[in-house]
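Going in written order, the chains are labelled A, B, C and D, and every chain counts its residues from 1.
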Amino acid sequence: MLEIRIHGRGGQGNVVAAYLLASAAIGDGRHAQAFPAFGAERRGAPVAAFVRIGETPIRRRCQVRHPGFLVVQDPSLLEVPGTLAGLRPGGGILADGAKPGVAGRDGGEIVTLPATRLALEHIGRPVPNTALLAAFLTLTGLMPLSALIHALEARFSGPVLEKNRILVETAAAQVESGRWKEVVHGVAA
Amino acid sequence: MSAEEAHPHLETLRGHQPRFRGLEAGHRACQGCGEALAARLVTEAAGPDVMVANATGCLEVFTTPWPQSAWRLPWIHSVFGNAAAVAAGMEAALKQQGRRTRVLAFAGDGGTFDIGFQALSGMMERGHDVLFVCFDNEAYMNTGVQRSGSTPHAAMTNTSPPGTARMGKRHMKKDILAIIAAHRIPYAATASVAYPSDLRKKVRRAMDTGGPVFLQVHSPCPLGWGHDSDLTVQVARLAVQTGLFPLVEMERGELIGTLPIREVRPVADYLRLQQRFRHLFAGDFRAEKELEHLQAIADRNIERFELRGTGKERYDTEGADTVHRGGDRWA
Amino acid sequence: MTQIPPGAFAQPGTSLEFRTGSWRVQRPVHRHRAAPCHAACPAGEDAQAYLARVEVGDLQGAWETLVSANPLPAITGRVCPHPCETACNRGQYDEAIGIHAVERFLGDEALRREWPYPVAAPAADAPRVAVVGAGPAGLAAAYHLLRGGCRVTLVEALAAAGGTVRTAIPRYRLPLDTLEVETARLLALPGLDFHPHTQLGRDVSLEELRSEHAALFLAPGRRKGREWNADFAIPGDLHTGLHLLETWVAEGTLPDHPGAVAIVGGGNTAVDLSRVLRRQGVPSVHLVTHQRIPAPGVPAEDAMRANPREVAQAVEEGVTIHEHRGVRRLILRGERVVGMELVHMKKLPDADGRLQRVAFEGTETVLHVDHVIPAIGQEVDPAGFEALVERGRIPVDPWWGRVQGQTHLFAGGDARGDHGSVSEAVGDGRRAALGILAVLAGEALEAPVPPEPVPFSDLNLHYFEPAPAAREPVLPPQERRGLEEVEGGLDLHGVRHEAHRCLSCGECLACDNCWTLCPDQAVLKTRERAADGSHYVFDYDYCKGCGICARECPTGYIRMES
Amino acid sequence: MALPLEGSQALARTVALCRPQVVSAYPITPQTHIVEGIARLVADGQLECEMVSVESEHSAASVALGAAAAGSRAYTASASQGILLMSEVLFDIAGMRVPLVMTCANRAVSAPLSIWNDHQDAMAVRDAGWIQLYCASNQEAVDTTVQAFRIAEHCSLPVMVCVDGFTLTHTLEPLELPDQAQVDDYLPAYRFAHGLDPDAPRSLGTLVTPEHFTEARLGHHAALQRALGAIEAADADWAAVSGRGCGGLLEVRGDPQARTGILVMGSVLGTLEDAMDADPRGRRVRFLKLRSFRPFPAEALRRACQGLDTLIVLDRALSPGSGGIVGPEVKAALMDMTDPPRVHNLAAGLGGRDLPLDLYGRLLEAVEGAEAPLPFTLIDADPLLLPEADRPGAPLPEEAP
């Protein structure tokens, strides 16, 4: 079972990102679970959401304390205490950043891509979640991009869906396919 | 000798009364209960194809001591503050079922002005087709006469007793009609048990109008007001004739009609009949001041609603209930 | 055993199992009480009862109700002073009901439509009763005796029936035609033998009548002017008022044409004569009375006995009325009157509580007239029954009119001497007839307790609207010259208006108030009249005795009783 | 096919499948997504019902009551303060034996203010006379909701479906939703035998005097006890229709042969099950998943406890001054057994405190070797966070002079 924690700021579509990822997994025939660490915070405050993906039904409902992967929707959050807490050794961090890049971080690896900028370019709103999820699937090879597209189809339609589809493909192209394929096995719970 | 022996067909006669009996005999209201009279008149005018949601209060207690019920209408009592909400639910259900049965909500002044006000306001705001009837006897009578938001200024209740430092209730009677009017509901009116024809007309008008409609019925409580049981109608009439309880009608918050007062009576005529105002007749300066205060309130009502009749109206405080031989009031 | 259903719901109307009647300490009852008009009517008419029928449009029924007491409504409707209207509670509210106009209307309608009197022909073996005098008392007695199944022999000294109504009431008050038709209808009733020109003591004796009849009713009237027993000089040319009036009614003229006349008295004779004198062209007519002009608020014992409307019309016609005045002395030049000295005078109770006239010294004034006519009453002419007469009148028991010391001999009308109006005479005749019927049936005569009228304070006036009385057309004073009737009658609309104004004192109006205002659903409405005369039934199983019905009953018909 | 659905959305769609005629609610976290979901279905024309968005929970319950009494299938949802604001109406609904269904998105009760999950709200209205069914997962919440309407209308009692706030309501997971035909087959048309009816104008909510009140309450009590059978039957019938049961009144999970048991209500079960399977010490326990808290299935509980030496009852609410709430009830029920297990009452997870995997070990270690029942403890509490004078066992302070 893979555990993923998604960080963002209130209003960035953090919960939606978690739901999309879990939905994509479920649509791909996996078992998955997504839920927010719901707080009293309002728009702008750091928030987190959790995703579990596995091959058997997921029974536990505790918060994810030792994620294999972190998805960070705002680079500034990397400096906020707690964002990187509990990351499994060798785990991957996927973060929004000014430009694409790869670096070591906290015993794992951080991959960045300009998700917010891509979102602004393609859908006109500074919501990095779709681009990050596309990159995440590409890096891990967990499931084909089409799973994410299907999950998006459940939420969007028409031109918005089309723009998201293009965004998914654009973002996926910015990271190295399968780079974290092995990591996935290493960080399974 | 029982009534049956005296009139062998009494039961048959009761069964063939030329009016709908929403509230049957055998209820346990006090002698001369204004609320029982008001509820009887309202249900007769509104029934029979109605359902009632009744707030907690005397009306609920004296009508339904299980296994008996005085109601001949589908009737439900829930709690004190939720008559309007229960009625709203009933209305929503009937609407969804496509039935034409209408819904009434009954509450005392406590269940209207105070604890039930929020639910009432919400019901009106949401536009339910409910006729909310407030039986206003100006205090918590069911619990033994405590002051409510409707208790008139200076009235004695067990929680606003007069004493060396106080002259009864310190605050004013809440202007509920103005608050109701602010909801801009299609129809709202005040009525009195002393003017049954006017009351019936208003019930029918409310029913015909539909939507959230509101009726405040002044209903004397012989026990709580401290007057003889036979004076219920007389006391209610004087409340109107003095200007202390104006009978008015509003549509969408705009005043559309009043019952003009032909001969305005001094408030003392009304107050004198009631023990709850006894301390206003002590003859000292405090009593005089409060009497003048209540007179000023009445004067203000008369001015505000332009209640002073020209003396020519047929339908005024003197003419509204004129009787004539064989005059079937309920024809 | 009643079992508790889920949620303890209850079935509709089951409260009827709980008899709240046990809470009651006082119960409402329907008490029919006499309306003041009824209690005040000397003839015994229940005006309220026929007003009620008029209101619902049943005119013939109304007339039948009326003639169940008084067979002469077309006459009394015109000439009666109508104490019913003085007593009418509505008079204290706005204006009394115009009962006279309704009575007159019904009487006239009966003449016009020839409604039959509700009288059947007597049986062959019916007892025979003699009635002496075919004035209002005699006619009424004869009529009620016929109604009671008797045959009647009616003897009259004059050529025609009517008595004083015929001889002393000016035609401008009562047209001859009305008098003739209404009396003729009575005289034509089966079982009545009318003998005009038959004077007691001359044409037939009391003993003859007694031997041939089971009972007798004497109503000879008072045809002899009373002597003016004032303690001052009497002018030589004195005529009594009645004499002058009868002369004018019979001949249409008066013997003298004086310049100024004073009539002493406040009754109908005085007032009629004053108006006759004005019609004769006497420029200055004075009426001196120790009473007052009848008006609302004037107590009956202090009001002139004349018909209030007649008094008002006399004033309109130029008669000067000196109220609360008595004659102290006449001022004579030789035997000729040149004036009189008047003094303020009033009836006040003496030490025994009896009303006595009191003159107030120092209030004397002088009135210059050249004629004084006393109209202070008449006496019985005792010819033929001298033994029965005491001090100018026949003493009788006040209710039935049975002559003192007699069993089958009754008397009434003016001859009683204690009253003198047409309706009082009708009442005498009716009560005497009922007395005779009772005596013939072997029953003892006991005077009934007169009904207590409903006082004004027992009404709930909130439920009535003020409405002015309907006014009959009245001839303008300047046109009142001859015999033309001064007052017209009301039309049907006016009569219905008056009936509608009736407060129905002490009687169920069927207004629904009690039914509408009972908080306990303890008043039930009936389709028919209930046994107690109301339209409602109290269900004492549930009535808690709160008293609202009684308090709000407009007519005082509901009383709370322990 | 399982769909990825947030618990609240699944519940909204499930409620819609039950064809409620009147839905009434007032927003309160974490119930909001459910009624928002229903409102969207109404707005989109997918559900034909009167959606009454009222001005308070008191009115939400009242509207549902009025609607159900007037002959319509009614639904409401709330949580926490909302349940408490409703509480007098909840007693009233049950006392009048009015069938309706409410989802309680379980949440702590203020003060201090907490929007997060525990069972304090439902426990506060434990004695209102409602049927209370607790759900271990969103799938159970879906299936229990359908069953709730059937049970309510069969027993003429209101049913509260307790769903852990956030932990379930805000969790997206794969869920099987029944199809409309299945629900229609399973749920007969709404019927309230003694409702408001112009043709039979009954009076509901009467005044009952001391001569009859006890019997009225006895009848209510008996009706709830009878409902035990209805709950089991409804679950079995639904399993036959949908292929999914929810464990009836009480479900034995884990190792049925184990001599140590853990009794829980709600969504913590899955975490403990995972923990057991991953327990490094290989400890096996018998889980008792209590689904029906009201009516309380004492008999079923005793059966499930046969052969247990130790039973840990994990409460998710606190009765201050006493301790747990479910624990004492379980103890009382087991007193009648000839060889009852030793019952330890512990509580955890108040106000949304995360219930982690290691809870399993902590529970077992806490009772390990205990010869007598442990005193009630909030097992995940850190007393050191309290000032000394406010900690358990601190002496009574001097009274102010």
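Structure notes:
The rule is short, and it goes like this: a residue touches a chain if its C-beta (ideal position, glycine included) is under 8 Å from a C-beta of that chain, and two chains touch if they have at least 3 such contacts.
Bear in mind the structure is a predicted one, so any value in this text is a computation, not a measurement.
Here B-D and A-D are compared, and the pair linked by more C-beta contacts is B-D. The mean-CA centres of subunit B and subunit D are about 44 angstrom from one another, to the nearest whole unit. Centre to centre, using the average C-alpha position, subunit A and subunit C are separated by 113 Å. Distance between chain centres (mean CA atoms), subunit A to subunit B: 65 Å.
In terms of their C-alpha centroids, the spacing between subunit A and subunit D amounts to 34 Å.
Counting partners per residue, subunit A has no residue that reaches two or more other chains. For subunit C, residues touching at least two other chains, in rising order: 4, 8, 10-12. Counting partners per residue, subunit D has 96, 200-206, 208, 212, 216 as the residues that reach two or more other chains. This structure has the following touching chain pairs: A-D, B-C, B-D, C-D. Listing the residues of subunit D that touch subunit A in their complex gives 2-4, 6, 30, 115-116, 166-168, 170-174, 267-271, 273-275, 354-357. By the touch criterion stated above, subunit D contacts subunit C in their complex at residues 95-98, 156, 193-194, 200-206, 208, 212, 215-216, 219, 223. Of all residues in subunit B, only 2-4, 6-7, 10, 13-14, 17-18, 21, 23-29, 31-34, 36-37, 40-41, 63-73, 193, 196, 222, 228-234, 237, 314, 318-319, 321-330 touch subunit C in the complex they form.
Considering their complex, residues 2, 4, 8, 10-21, 23, 52, 55-56, 462-465, 500, 502, 504, 509-513, 516-522, 524-526, 535, 537-542, 544-548, 550-552, 554, 560 of subunit C touch subunit B. Residues 4-12 of subunit C touch subunit D in their complex.
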